[in-house]
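Structures given as structure tokens follow.
Each of the next two complexes has chain A plus one other chain: chain B in the first, chain C in the second.
Now for the complex of A and B:
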């Protein structure tokens, strides 16, 4: 099968590149081994400062609602972090002291939302907190079983009965100026979070839950849909297992499911992610990029790879594939002519700073520009 | 890689990072509170079962074996295989009479076919349906697929000479459905391949692929079928023939379930076993042509069956359909139809089955196509029953789009 560009990896970077290329009239295929980091997405594109018109239209055309409000956001454990560009679900405030009295809403038997940690964190900022639990069984029939009290299952139910939650909150609300809700609304309808805000006579803040992330899954579904509407081929559940490179030009890639049926293209994009997605691998002796064996940017001394204190910045997360300014990698010091490397496989992402999403989008747009030759 | 040799188990359950992505994609978990979900039933439970088989949970029977968990797993854990293997290893409840009737498709086909008109009439009567519902636990909403009085095998045997005259040859594994219920699909395949100058042969013999036997816990019978089929396929492959199929589930079973669940080695035939849409697409890409009718027009929506998605070959059916002049093509977003072979026929699963399929049915209604294309016979029954839209295998649509022989 032949395409203009074949993209290895179907996460935020791969989909952004795919959408841009399809829009420019190129035919593309994305090969994605399972789902990706969007399932853990906080909803914030932290390393993007002012969004360019291109980034704005990428989101708006896919039906993804974002806002640009430099400030801080509330983290799942009650701390705050600087942020600027975020999904509409995520509230951003000028300072952490965003209110005086806060009503925190949780669901009974839901273990993935830490309302008491949130309350502690907010009390540190001088806010007074009250936690109330709603019984999802009273709101939705049939009730969810104990195994189903996860973000996605709850979100599916709430897509139908979110208005009942609004009513309940209105009843519970006393003199609080803010209501905090778990981020489990609007899985299939991005407009629901905003409609909840309109329905509650107080400031409504959605706070993150344990994965999977409902806004992240929604973002993934909308981007994939947009990509497919533009004519892109998304091969889910397949894996690129090899590539043929002749004279520093990638000729084709081989996948596990298509085996002898190679995917040929003029250009290739490597967006296979970092260690979690196996875009990068390691053994006791080296860190390497397993598909093309590209040159890496890292310290070969294993003792420098990690910090024994788990919560500190882990140097290995900064390691990645070495590229030139045109995102082109090399093998044994020789540049590969038609391969572009984008997203977290580039390294230098700091998950604790949330910079992965920004890097994914910006490097993807850059690669698409280089391929289409458009500025 | 040598490190992993010593750290990886046979079914790679330890590769699970507990990321929960599979729980977001499991269709059963969205509708059935009794099912613990793929993560808990699969890799989590496996760890416990290895310590003590008493941790086996009967609720694993609710798994559809649709394999969507495997398709979305970023760590390539064979979640559904882990669940099905555990059922094979630990399930102690003997299968019911109903499970026997539903799973022995070969035997049932052979018995029913001579009396096809009577059987077809009888299984459509409300009284029969109510009786089967009450006594056997086969849901009364379901209609059994009709049996065809004349089998596909006999039809093709009568054309053996004519087929042998073609310069290029393939063998066709038709499966139970084409032989007993819907010979038209096999005839359509023969028409399309003949139009490309390719003759079609039967395998020397074949049995049911065995998927229904596996899901209903007739493992010995399934293994026997697997060994028999691999032997028959090998004979064709030794003659240098490709073996073509038209059912995604039969294909997945022979490709993946034989070695992974039944321990039957299929390495000699694996590469030669191809879905017809892939085979034809590759031929066209290599320059073969088909005599397309100039006046053909149809609005087609394509549903990727879960097992086709697991094979990763849906792209061939899609691209093949898109090549047909006069087709208005809409890909449906992949979603399980809910029937999963014999699963949806069982009374206890009927409600779940319909609830699982609803998002797909809704999509189909909103697209409102002339026909839904899909490579699976049980998806066909489910979608036709639940939406009223006609469902055809892409091969049948292709056959309709090319001119009849002069």
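Now for the complex of A and C:
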């Protein structure tokens, strides 16, 4: 099978690159193992300041609702963090003192949303908090078992009955100016969070839960849908197991499912993620890129990989594949001509591209531009 | 008698202290146990979890070997729910001297330890993970033991016999009137409260910190702190304890325990000041892996979960720098006869396996001094949880079709698992998926087993001990603790401490899947949860 570009990795970076290339009329295929960092996405595109028109259209055309409001957001444990560009679910405030009286809504027997920690954090900001629990079983049958009370299962139920939650909250609401709800709404319908806001006569703030992230999975599904609508081939549940490189040019990649039907292309993009997604591997002696054995930018002395204090910045998170300014990597010092490296596999080797979701999007757009030759 | 007066005060919530309190309480004494942090935080919780058959000491220390086999047989009965009767192998590798096997077996038999030379082929069938190159094998009655469970069961039984327990309570002074010890001065590290407690006898069971405690009473007890480092692997590679059949050396024991296995140890002398903060060095990690692979080659491809180190509380007798040639014998010091200070006893040395005997010796001395004439029953009466058969039988008595979580709870709690039976299905919610710990079990540990922090909970329920190393369960369990104690501020700090504690054991082995997990933990806690 032959494409213009084959992309290894179907997370935020891989999908962004795929969408850009498809839009530019290229034929592409994405090989995705399944889960990626979007499954625990906070909902904020940190490190993106003003979104470019290109980034704006990427989101709007995919049906991803974002807003750009530099400020702070409420974190799941009651702290605040600066952000600028976020999904519509995530409220951004000029200061942490955004209200006076807060009603925090949780579900009974749901242990992944930390209402008491949230209350404590808000009380520190001078807010008065009241926590109330809804019984999900009263809202949607059949009831979820005690071990099914996880974000995605709850969100699936709530997609049908979110209006009942609005009604319950309206009954519970006294003189509070703010209602805090867990981020378990709108798994399959991005408009639900906004419709909940309209239905409740108070400020509605959605606070994060333990992963999986409902807004993250929704974002992933919308991007994937957009990519497929544009004609892209998304090979889900497959894994690239090898590659053939001949005279500094990647000829094709081999996947587990396609067996001997190699994926051939003019260009290849490596968006396989960092350690967690197995884009990077490690053993006691080295950190390496397992697929192409690309040159790495890191210190081989294992003693320098970690900071003994968990809370400090961990050096290993900065390690990544070494590339030139055109995101092209090398093998044994020799540049690979038609391979581009994007997303978190770059570590912190390209600080100008930001980190996290910002790095994924910026490096993906850049690679797409380099491949199409369009600015 | 006032509420701050007791017959005996025991300092130290390790297995020696907990065992001593239980024994004293069973003999009718009013007891108080204090510890500066939690139960089993010192050497008790930082070893292999090996219930020695005594075989390891048979050649070098026949007395300890005899003690071990006697206690091993007793604990199988009275602490059944803490013990896995796995049996052990002493294997000879091609590089080892097979002649040593004869000496070893003879010494075992002299000490009363059953030691059967078996064909290496049989050994490979009994324990498929063992190095296939072995040229000799001896089967011995080694077992594995969960030291946290054992310690908690002793504390619980002491409480059931009227004993009082004050954890997170540091001894800041030993009260003396002339040459007589009257009690202790304490500082509660949770509440900040300072309080004095009085008793005619104080037992120093402070392990390696016993030297500092004795010093407070103006007495010199020279400890010989020897650090031992170990590695926990994420799978139970072996079902039998695997030892090297040679003179005891580095990393020559591999012990299965619950869902994991543990290889160790190293041995190096360290200054007393470093005992509170022992760290595993990269060299030790390399040595443990290289030597461990010789016992079971599969370890080379098995994920390592943690590295940790403990300090053996040996009393110095000679100047051997390794600490390995010192007798692991029990040291029970009567400071009245030794130093002319009445009312103080130090019990130290010994081993996890011989803790019950140590407790008996200390309690006998306490009773003699108090004029109490009651025989020790700890060798006969089972610990709470160990009264009824296997965990499968226990679970079936309570639940018709026990779930995995209910079965493992029965394995952890023994017959006391009936306490977490609940009609509320929400109690079945899994807080820790890796170790299958339910909300009911966690709340039981908070209510009955004096758990006040996440690390306390970990020792009592295995919450956070599994492959994810507390990624999700830490926050969930913290929520339950916050609810139980009504102190959210403290719980937030507790999560930070818990994460740091986990990382401390992860980064020395931070590669492969451990590094993947560590990166995920960083993302979840820093970026998603905002800690």
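Here is the rule we go by: the second predicted complex is superposed on the first by the 368 of 375 C-alpha atoms of A that agree within 3 Å, B and C clash if a C-alpha of one lies under 4 Å from a C-alpha of the other, contacts with A are read in each partner's own complex, and residues count from 1 in each chain.
By our rule, a residue touches a chain if its C-beta (ideal position, glycine included) is under 8 Å from a C-beta of that chain, and two chains touch if they have at least 3 such contacts.
These numbers were taken from a predicted model, which means no experiment stands behind them.
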Check the residue A:147 against both partner chains and state whether it touches chain B (first), chain C (second), both, or neither. both
Let me test your reading of the model: by the given contact rule, A:235 touches which partner, first (chain B), second (chain C), both or neither? first
Should A:276 be classified as contacting the first partner (chain B), the second (chain C), both, or neither? both
Which holds for A:217: it touches chain B only (first), chain C only (second), both, or neither? first
Between chain B and chain C, whom does A:164 touch in the aligned arrangement: first, second, both, or neither? neither
Classify the contacts of A:1 with the two partner chains as first (chain B alone), second (chain C alone), both, or neither. first
Quick check for you: in the superposed arrangement, does A:302 touch first (chain B), second (chain C), both or neither? second
Quick check on the superposed pair: does A:34 touch chain B, chain C, both, or neither? Answer first, second, both or neither. first
Which positions of chain A sit in both the chain B and the chain C interface? 40, 145-147, 211, 276, 278, 283-284
Report the residues of chain A in contact with chain B in the complex, numbered from low to high. 1, 29, 33-36, 39-40, 142-148, 150, 152-153, 156, 211-212, 217, 225, 228, 233, 235-239, 255-261, 276-278, 283-284
Give the list of chain C residues in touch with chain A in this complex. 282, 285-286, 289, 425-431, 439, 472, 475-476, 478-480, 482-483, 488-489, 491-492, 496, 499-500, 502-504, 507, 510-512, 515-516, 518-520, 522-524, 527-531
Mind listing the chain A positions that touch chain C in their complex? 37, 40, 42, 46, 75-77, 79-81, 108-109, 111-112, 114, 116-117, 119-120, 145-147, 149, 208, 210-211, 213, 274-276, 278, 281-284, 302-303, 305-306, 308-311, 314, 316-317, 356
Would you tell me which residues of chain B are touching chain A in their complex? 3, 17, 19-21, 23-25, 29-30, 32-37, 40, 70-76, 271, 278, 282, 285, 309-313, 315, 318-319, 331, 333-334
